[in-house]
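Pasting in a structure now, in structure tokens, and then I'll have a few things to ask.
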Amino acid sequence: MSFEPQRLSAQSAGVFVISVTPFTPEGELDLPSTDALVDFYLERGATGLTLLGMMGEAVKLTAAESQRFVDHVVRRVAGRAPVVVGVSSAGFAAMRELTAASMDLGAAGVMIAPPSSLRSDDQILNYYAGVADAVGSDTPFVLQDFPLSTGVVISSAVILKIVERHANCVMLKHEDWPGLSKVSALRAAQAAGTSRRIGILVGNGGMFLPEELERGADGAMTGFGFPEMMVDVMRAHAAGDGERARDLFDAYLPLARYEQQPGLGLAVRKHVLAQRGAIRSATLRTPGPVLSAADVDDVHRLMQRQARRLEALS
Amino acid sequence: MSFEPQRLSAQSAGVFVISVTPFTPEGELDLPSTDALVDFYLERGATGLTLLGMMGEAVKLTAAESQRFVDHVVRRVAGRAPVVVGVSSAGFAAMRELTAASMDLGAAGVMIAPPSSLRSDDQILNYYAGVADAVGSDTPFVLQDFPLSTGVVISSAVILKIVERHANCVMLKHEDWPGLSKVSALRAAQAAGTSRRIGILVGNGGMFLPEELERGADGAMTGFGFPEMMVDVMRAHAAGDGERARDLFDAYLPLARYEQQPGLGLAVRKHVLAQRGAIRSATLRTPGPVLSAADVDDVHRLMQRQARRLEALS
Amino acid sequence: MSFEPQRLSAQSAGVFVISVTPFTPEGELDLPSTDALVDFYLERGATGLTLLGMMGEAVKLTAAESQRFVDHVVRRVAGRAPVVVGVSSAGFAAMRELTAASMDLGAAGVMIAPPSSLRSDDQILNYYAGVADAVGSDTPFVLQDFPLSTGVVISSAVILKIVERHANCVMLKHEDWPGLSKVSALRAAQAAGTSRRIGILVGNGGMFLPEELERGADGAMTGFGFPEMMVDVMRAHAAGDGERARDLFDAYLPLARYEQQPGLGLAVRKHVLAQRGAIRSATLRTPGPVLSAADVDDVHRLMQRQARRLEALS
Amino acid sequence: MSFEPQRLSAQSAGVFVISVTPFTPEGELDLPSTDALVDFYLERGATGLTLLGMMGEAVKLTAAESQRFVDHVVRRVAGRAPVVVGVSSAGFAAMRELTAASMDLGAAGVMIAPPSSLRSDDQILNYYAGVADAVGSDTPFVLQDFPLSTGVVISSAVILKIVERHANCVMLKHEDWPGLSKVSALRAAQAAGTSRRIGILVGNGGMFLPEELERGADGAMTGFGFPEMMVDVMRAHAAGDGERARDLFDAYLPLARYEQQPGLGLAVRKHVLAQRGAIRSATLRTPGPVLSAADVDDVHRLMQRQARRLEALS
């Protein structure tokens, strides 16, 4: 590699786009299309990329395909942005393997969501002790807190303990619902000096981005067919113009809402990305939903209305 | 009773507001405040009211309180609108008791969500056979299909079988995600003559109302601090002005989204209703969330922005 | 009442039989049959009775029926044994109501399992703070820890905190799997003086009774068609004859195993009790399983083999 | 390969032992120890072996390790018995890969449990359509029906549809609870000519083996530290001596029950196997339970009592 790989740190911030994984219409990994996708994300202002998240259809790839995809993306990014790799796995051996391979290939860090079997605080803490060991103390990791999907409830107190016990836990991907109070609680602990700083990037398609930024979030780590929404909302927020941040956010919200439908959402996102030329095919690997003609009509109408409203804001 | 109680039927349509249950700051049932709430809902254009839904804190009431609340509301409504009562219960004996009492008091019908233990199609069909028996063949009932909350997945085929087997199943409260295709499938079965008509009212706080109306929904049975949103969107849709329906919808969407946060949502809704004078206290019975100062600020800001945007639309 | 009601305490021990609730073949509460059942349990050596547990079909009774059943049993027991009442409920208002009524009627205490929605330690602790308030500081309560059924994992640390915070938590109904280490941990905390003593009665149909007694359990709070198994195993254990305790246990195990089948178990138990003359009808309220002819053959064969084996042991 | 690989068929029957996966004390795959284990199972009378089941710690292996283990076992078995491989996976790509590799290596077929996200009948049928495609029409597969672990309820009707639609579904690994009626229902459908024959092997550690054999099961596909229990019970059953079958079963039941503890069970099984010399180390890969000294005492005592009782039966 001719570039110096970036490392995720507790100071990392911005918009880390959860990347889709492009497939050919036949369901094969589409690496050529991946180049265009990477460029699309970076040109829209992404600070970083996160691969193999839930919306990256990670579980549908073989171990070998996962590594091939990471390798391809990291090469294409070529040092322009940090690349985080989702390594959540049913077992630590597979997690260890993908982590080691990803870091060797030049990833900036890894992300791990808890398995849905975890219940008590101790179970969660023990699990992340295993995670910290599996990824290795040199590998920065992101704790993904997404109870709506995992069924695992991680209290603020447990997050703070994980942060305290494992120096390589540098970031929270926060997508608890309701989660604004959690952002506030974590920032309060940091302000009070009882916890070190970690990055807090928000998820849920950015559906609460303006409020989350005001509570102290450092950015977003999520996906959306128009990732520039998150970039532009953040910029307006950073410029102190909260009303403009919300005006922009509101313009994208009707489509963002449609894309957040559980189950169908990724098909919507890939359709939009294909429409915008970011990927060649909107194909999901099976099993996965397929948009009906009526769904497609909905999406196009929402895109048209969104374009008109953004026009009025510019 | 001096008025003729209305009965729910397969032709019922419009906006049935899922009513909150008002409590005093001490947590007692606030019947005087209920009068104002009923009037508020009807003045905003509600076609009907639905009591003791999940957002009506039904599980927090004793059996006696439930009956007292139904009695009070039905008397206040005084025939101006049909009143549906949520009678979901862990056992059929309690369901039978509340149903009989509610219908005696003048309710138009009852609503039942499945218990979260159901899994297979047969289990669901057997359960609704028990429901149809428990509520009695004379009592119209609404099937509540809300997998995000119940964890029970009811396919279109199963809904059609329940409709076929039980003549008193007259309405679907649809809040599946993704659910637009389900509305389409049910309407297609009706159009093809393979199923009789039932009413389809949508839920989820109306978050997909414009699209659902276009797929053939008859209205909404859900709650929101501004129930006039649903009324006005439906009117514009009925008038053939889909763009205006969406303009109105979009104006309310930022707050609707905030109110749809799992866990926190009902506290937001009650706060808004209290702000608007519809109830005297925003109190939820314990266990229940309490809004932080930051949450309240968020809500007020969203209300202000919403007012400005509606002003611009008028 | 002419007798002094007994109160559950941290010293309570022995076999508290989880009572079935007898119904007529038509599904009505069978109070006359209840008299025979109470006498049956006490004559087999039960130290106490626990009503309205999961295996008491509690959720299938109306609030009024629950109170009527408690009243009837307490009167029949007439001070011969303490009566504990399961008051688990979806809401605190109903729990408060049934608790107050039960204690007024002469119950010795109440039992509460957590609702299946609880996940994190804080959620569980908050819930039991609500429980302690709802039942009142004068009412001794049993914490039911049954993750296989509730899906809620309560760590030993959380149990110890509940015990520390709420003086009226006097007993654990332990039926975690694997749970032997939990009994050991709780007894170790008590021995170390870091926690006060509570009673630990075991559940799961007594399927691990010999081992649990050796770890320090005070008895059992569970059901079985032959409750004398638990009484006799405890007596042999108390007499220091662990081998005989296990011989007796082993003789009953094949049937106990059959009765522990999730879903079908209660129908087996009621069939056995009806066979033994303890109840008049083995009817379960709907929805509930019905034994097939083959199931009945299995049960009878197991009963015959059990009788032969006990004969050989006597 | 110098031997002809056996293929699983709808006529397959007997005891397919769910093999543990041996690890060194350091947690590495212990292939030398695997040789002894294979021989142990076959010498105790196993008809076949099933690798990489839930009790084979399948999720803790990397894809490469899984293939290496299958390869090693198949070579050691050397045609003496059919080898089935568990290929359950979060995604079809990984399932396809492991299936192809296993069949190439000489496996007799594969086994697939449903992912815990499945709910409705249609979802299950669609999933197994995907399975049938992923494993390929030439590969015989076993449907694993284990709701206690997966949370997925598969009705008899759905099983019959899967059997009808996919000729390569040749066997059911039945471990539903209560499940005896399911065995009866499937055999009745076969007897009535409405369904073709499939093999039905039972699970749950054989805890219901005598009753299941009487209902028409063809054997067992499960694990236990004393797999000869299943072999001997089957032989007595096949010889028409149901009482002896039950005498033998009852002798093993106390330990079988102890080994069936969720969570702890596999540690018990590996301890017993290590005690018996079948594996060198009882190590489980993390995360996994570790037996306490008291647990070990329990197991040894149960083994001693079991030995005495078997002695008395011989």
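Here the chain labels run A, B, C and D in written order, and each chain numbers its own residues starting at 1.
Everything that follows uses one rule, which is that a contact is a pair of C-beta atoms (placed from the backbone, for glycine too) under 8 Å apart; a residue touches a chain by one contact, two chains touch by 3 or more.
For clarity, every value in this text was computed on a predicted model and none was experimentally measured.
**Student:** Taking each chain's centre as the mean of its C-alpha atoms, give the chain farthest from subunit C.
**Tutor:** It is A whose centre lies farthest from that of subunit C.
**Student:** Could you state the distance in Å from the CA-based centre of subunit A to that of subunit D?
**Tutor:** 39
**Student:** Would you mind pulling out the distance in Å between where the CA atoms of subunit A average out and where those of subunit C do?
**Tutor:** Inter-chain centre distance comes to 47 Å.
**Student:** How many angstrom lie between the CA centroids of subunit C and subunit D, rounded to a whole number?
**Tutor:** 34
**Student:** By residue number and range, which residues of subunit D touch two or more other chains?
**Tutor:** If we look for residues of subunit D contacting two or more partner chains, we find none.
**Student:** Chain contact graph: line, ring, star, complete or other?
**Tutor:** Per interface graph, the chains form a complete graph.
**Student:** Once bound in the complex, which stretches of subunit B touch subunit D?
**Tutor:** It is residues 119-123, 147, 151-155, 157-158 of subunit B that touch subunit D.
**Student:** Quick one: in the complex, what on subunit A touches subunit B?
**Tutor:** By the definition above, subunit A touches subunit B via 148, 177-178, 180-181, 184, 207-208, 211, 214-215, 246, 249-250, 253-254, 257-258, 261-265, 289, 292, 294-295, 298, 305.
**Student:** Please give the residue numbers of subunit A that touch subunit D in the complex, ascending.
**Tutor:** 57, 59-65, 90-94, 97, 116, 126-127, 130, 285-287
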